[in-house]
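Each structure below appears as structure tokens.
Both complexes shown next keep chain A, but they swap its partner, so chain B is in the first and chain C is in the second.
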Partner chain A sequence: MEFSWPWEYDFPPFFTLQPNLDTLRKQLEAWRKLVLDYCRHNKIFVLDVQESISLFQNKAIDRQLSTEGINRVLESLLEYNQIEWCDKAKKQCLVYWKNPQEWGNLIYRYASDKGMTNTVCTFYELTAGDDVQNEEFAGMDQSLLVKALKTLEATNKAEIIMFGGNEGVKFF
Partner chain B sequence: MRKRPGIGAIHKQRVEQERFRGKATELQDNVFEQMTNQMEKFRTNLETFASKHRNEIKKNPAFRKQFQDMCASIGVDPLASSKGFWSELLGVGDFYYEIAVQVIEVCLATSPRNGGLITLGELRQRLIKARGKAQHHQEISNDDIIRAIKKLKVLGPGFSIVSLKGTQDTSDILIRSIPGELSADHTEVLKAAEAQSFTSVKALKSTLNWDDVRCLQILNELLRDGVAWVDEQSPEKMYWFPSFFKPLMSEDEIVLPPPN
Partner chain C sequence: MDRLYFKDQKDCVNEIASSTAWKGIRLFNGDTKTEYVNETAYLTSSHVYFASVNRPTMNMILDLKYVVLVEEDIGNLLRSSKIILHLAPWNEGHFSRPPVKNLSSFIKLAFSDGKLSHFKQCIQKMLLERSWETVAVQPSILHHVPTTFRSGIVGIERRLQEKVENNSSNINIAFQDMQNLIDMAKDMVQLANVMSNKIKDRQGDISEDETVKFKSYLLSLGIDDPVTRNSCSSNDVFYHQLAKEIASFLLKAISDTGGLMAMSDAYCRVNRARGLELLSPEDFFKACNYMEKLKLPIICRKFDSGVLVLQLQSKTDFLLEKEVSRLLQARDKLTALEVSQEFQISIVLAQERLYFMERNGLICRDDTVRGLVFYPNLFSSSS
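Let's look at the complex of A and B:
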């Protein structure tokens, strides 16, 4: 199904940082939502800022968000805990269209539904195995998976294990 | 010697005057009574008419408007209260009350985008979409919406009706759901921007014959009100108005709760 762009995307001023503070607030909120919705739709767990330039421009109306604008949007996403930088250079970020806790809960539900508690399963199985293909967390970036599992560890629902060079997790 | 009027004559005159005044009052009373009777007859006929044509009034917006105008001409307001003869007879009071509530909901939902300024056309589209199947055979017209909003205005300063062309032609009416009057200058700029949903200082100067300062001031006020956004990626700064922006109107997102 094709991604449905919000009305703002076709609105030229959307690509100019608004001088009026209230309007700017609405604008940033709309950009945050666009980024999250877009990533959710396309199963993007990690956003590369350079590569995602097309998200911040609309060729059809010949408008694009300036570098400053893009930075403002990213700052706003960070402020709302909707992204987390992967590197100090701020080239890539994890996009939390679900946050680690939500992912943890989803994965745990999957594991208990499949009767996988008290057995060990590898990270690979969880993200790339045949069984998980229809799950939302299929193809999940490993660093995000670890964060998700760590939230489960905090509530004693799982334990991350290293065995024989493989990383895995045991659910309780 | 000329004869002066005697006391008898004066007295006679006075009696005649009294009689005339009495007659005048009697006439007045007569006329008044006749008028009252006429009104009563008129009112009774109107009520009979209303009950006979109740369904038509409910279903047909044009017919409903004519009925309203008829009522107004004899000083009867079917919408005056949600209880009482008229609303029970027609359920009209509830009808407009419901519309008013839904108008408020649509305005609240869209005001983050358009700064609390919505065209009557878009408002009607959203109302119709939101009113759902149960009410689809109660078609609502622009006139119905305006009446409902006028009722709202009685409740407080929140709602105002802005006519861009100074006529009652409903194609150029905006509903403002944020307190504060739009000045005549603001309205002129909105008028100028309506067709393309944007304008610029240059365009305003040529259309309205204003100087730079005035154009900029009004545009900045509209920016400040959240009614306009600025686009700086064109040769000249363009000021856009979400209220007139067509793609915004086809958004399906806004859903109103079903009526009770």
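Let's look at the complex of A and C:
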């Protein structure tokens, strides 16, 4: 299904950082929503800043957000805990269209539905196994998976285990 | 005082004829008064001639070559300002001289009829020129021939420099005559006032139309009786009067340009109309600041970007905003150029209007290499 761009995407001022603070706030809000929706739709867990330029431009109206603008948007996303940087150089970030807690709960529900409690399954199974292909967390980035499972660990619903070079998790 | 000498009045007639006169001069030998209390001074390029009604046959002369320094002695409530002429020692003794005791090395001139600063300016200029030293130069040669011929860049530069100096001294001389013209114009303005008053009084005999026509002639010259510092008793009064004059003059002009005019435009117009007694920018600015206090129909406003404008009281921001919003609705997007064309105002003012509306959240901007375009603020209206 084609991603439906919001009305702002075709509005030229959307690609210029607004000096009026109230207007800027609304503009950044719209950008945050656009980034999250886009990533959700395309199942993008990790956003590479350089490669995502197409998200921040609209060739149809010949407009693109400046580097400063992109940085502002990313800053705003960070502020609202909707992204997290993978590295200090700020080249890639995890996009939380669901935050780790929500992921953790979703995975746990899946695990308990499939009766996988009290068993160990590998990370590979959880993200790339045949059974999980219809799940939202299919193809999830490993680091995000770990974060999600850590939230479950905190509530004693799971435990991350290392065995024989592989990483796995046991659900309770 | 011994550097002054007498000469027959007939011999001096030619030199005096074309020079400026200062009346009511009192001479002082050093700091002490002399008997010469009502002299008329005439300044030429090499002498100062003193004539008096009490001494119709003889004039007193001071050669400018004896004047070493010209100073101004600023006076106070009890004594008036004076010009001090420091003199070099006398070295020729064949003229009859005024008898004085206690010779001192300077004389003072008091100007009971005014124009002290003008005299100071003129005598300083004459001293700079030192025309009594270039006797060898024939009067037909207008340019100063360089004494050393240097080839190359230095010579060319030097010649250019001399040309420039000649030009500037010629211009100074030319403006000398302007001062006389200004003095005559003052009389003319007074005359015109008298005429218009007479016309007002005889309203039955002269028709209204002619009075109006005459007045319009006067007004077309600009402001017929400009407010000057001299005509006002104090600085404050000066600024108040000035503010009123500016407001009445600019009222029509500002209404024509849509209720807003940049201060630089207003300044140029006012000075153009005043003609002779021009205003300095500081005076103009200070006068404009008084306008609001005096409840005049025009006020001075400063935008956030620093632009100063004069605005009609009646045209408030709200009205101007509404006009621009209406235009925006019709056109979907606006540039400053379009606004200025539509409302016949300058680009600067159009920009200010748009920035102002942006600050109030009515419009948002689209900034590209192609320029700055404004759209209605759909961000706030949609959420």
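One rule holds for everything that comes next: the second predicted complex is superposed on the first by the 172 of 172 C-alpha atoms of A that agree within 3 Å, B and C clash if a C-alpha of one lies under 4 Å from a C-alpha of the other, contacts with A are read in each partner's own complex, and residues count from 1 in each chain.
Rule of thumb we're sticking to: a contact is a pair of C-beta atoms (placed from the backbone, for glycine too) under 8 Å apart; a residue touches a chain by one contact, two chains touch by 3 or more.
A quick note: this is a predicted structure, and the numbers were derived from the prediction, not measured.
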Exercise for review: Based on the superposed arrangement around chain A, label chain B with chain C as either clash or fit.
Suggested key: clash
Check your understanding: For A:23, is the partner it touches chain B (first), chain C (second), both, or none of the two (neither)?
Key -> both
Review point. Who does A:63 touch here: chain B (first), chain C (second), both, or neither?
Key: both
Point to revise | chain B versus chain C as contact partner of A:122, first or second or both or neither | key: neither
Review point. Between chain B (first) and chain C (second), which does A:99 come into contact with in this model arrangement: first, second, both, or neither?
Key: neither
Practice item. Scan A:10 for contacts with chain B and chain C and give back first, second, both or neither. Key: first
**Study point:** Stretch of chain B penetrating chain C in the combined three-chain arrangement, among 77-85, 113-121, 131-139 or 167-175
**Key:** 113-121
Check your understanding: Which residues form the common part of the chain A surface touched by chain B and by chain C?
Key -> 7, 11-13, 15-16, 18-20, 22-23, 26-27, 63
Review point. In the complex of these two chains, what residues of chain A are touching chain B?
Key: 7, 10-16, 18-20, 22-23, 26-27, 62-64
Review point. If you look only at chain C, which of its residues touch chain A in the complex?
Key: 358-359, 361, 364-368, 373, 375, 377-380, 382-383
Practice item. Would you mind writing out the residues of chain A in touch with chain C in their complex? Key: 7-8, 11-13, 15-16, 18-20, 22-23, 26-27, 29-30, 63
**Study point:** Touching residues on chain B, where the partner in the complex is chain A
**Key:** 112-113, 198, 223-224, 226, 229-234, 238, 240, 242, 245, 247-248, 251
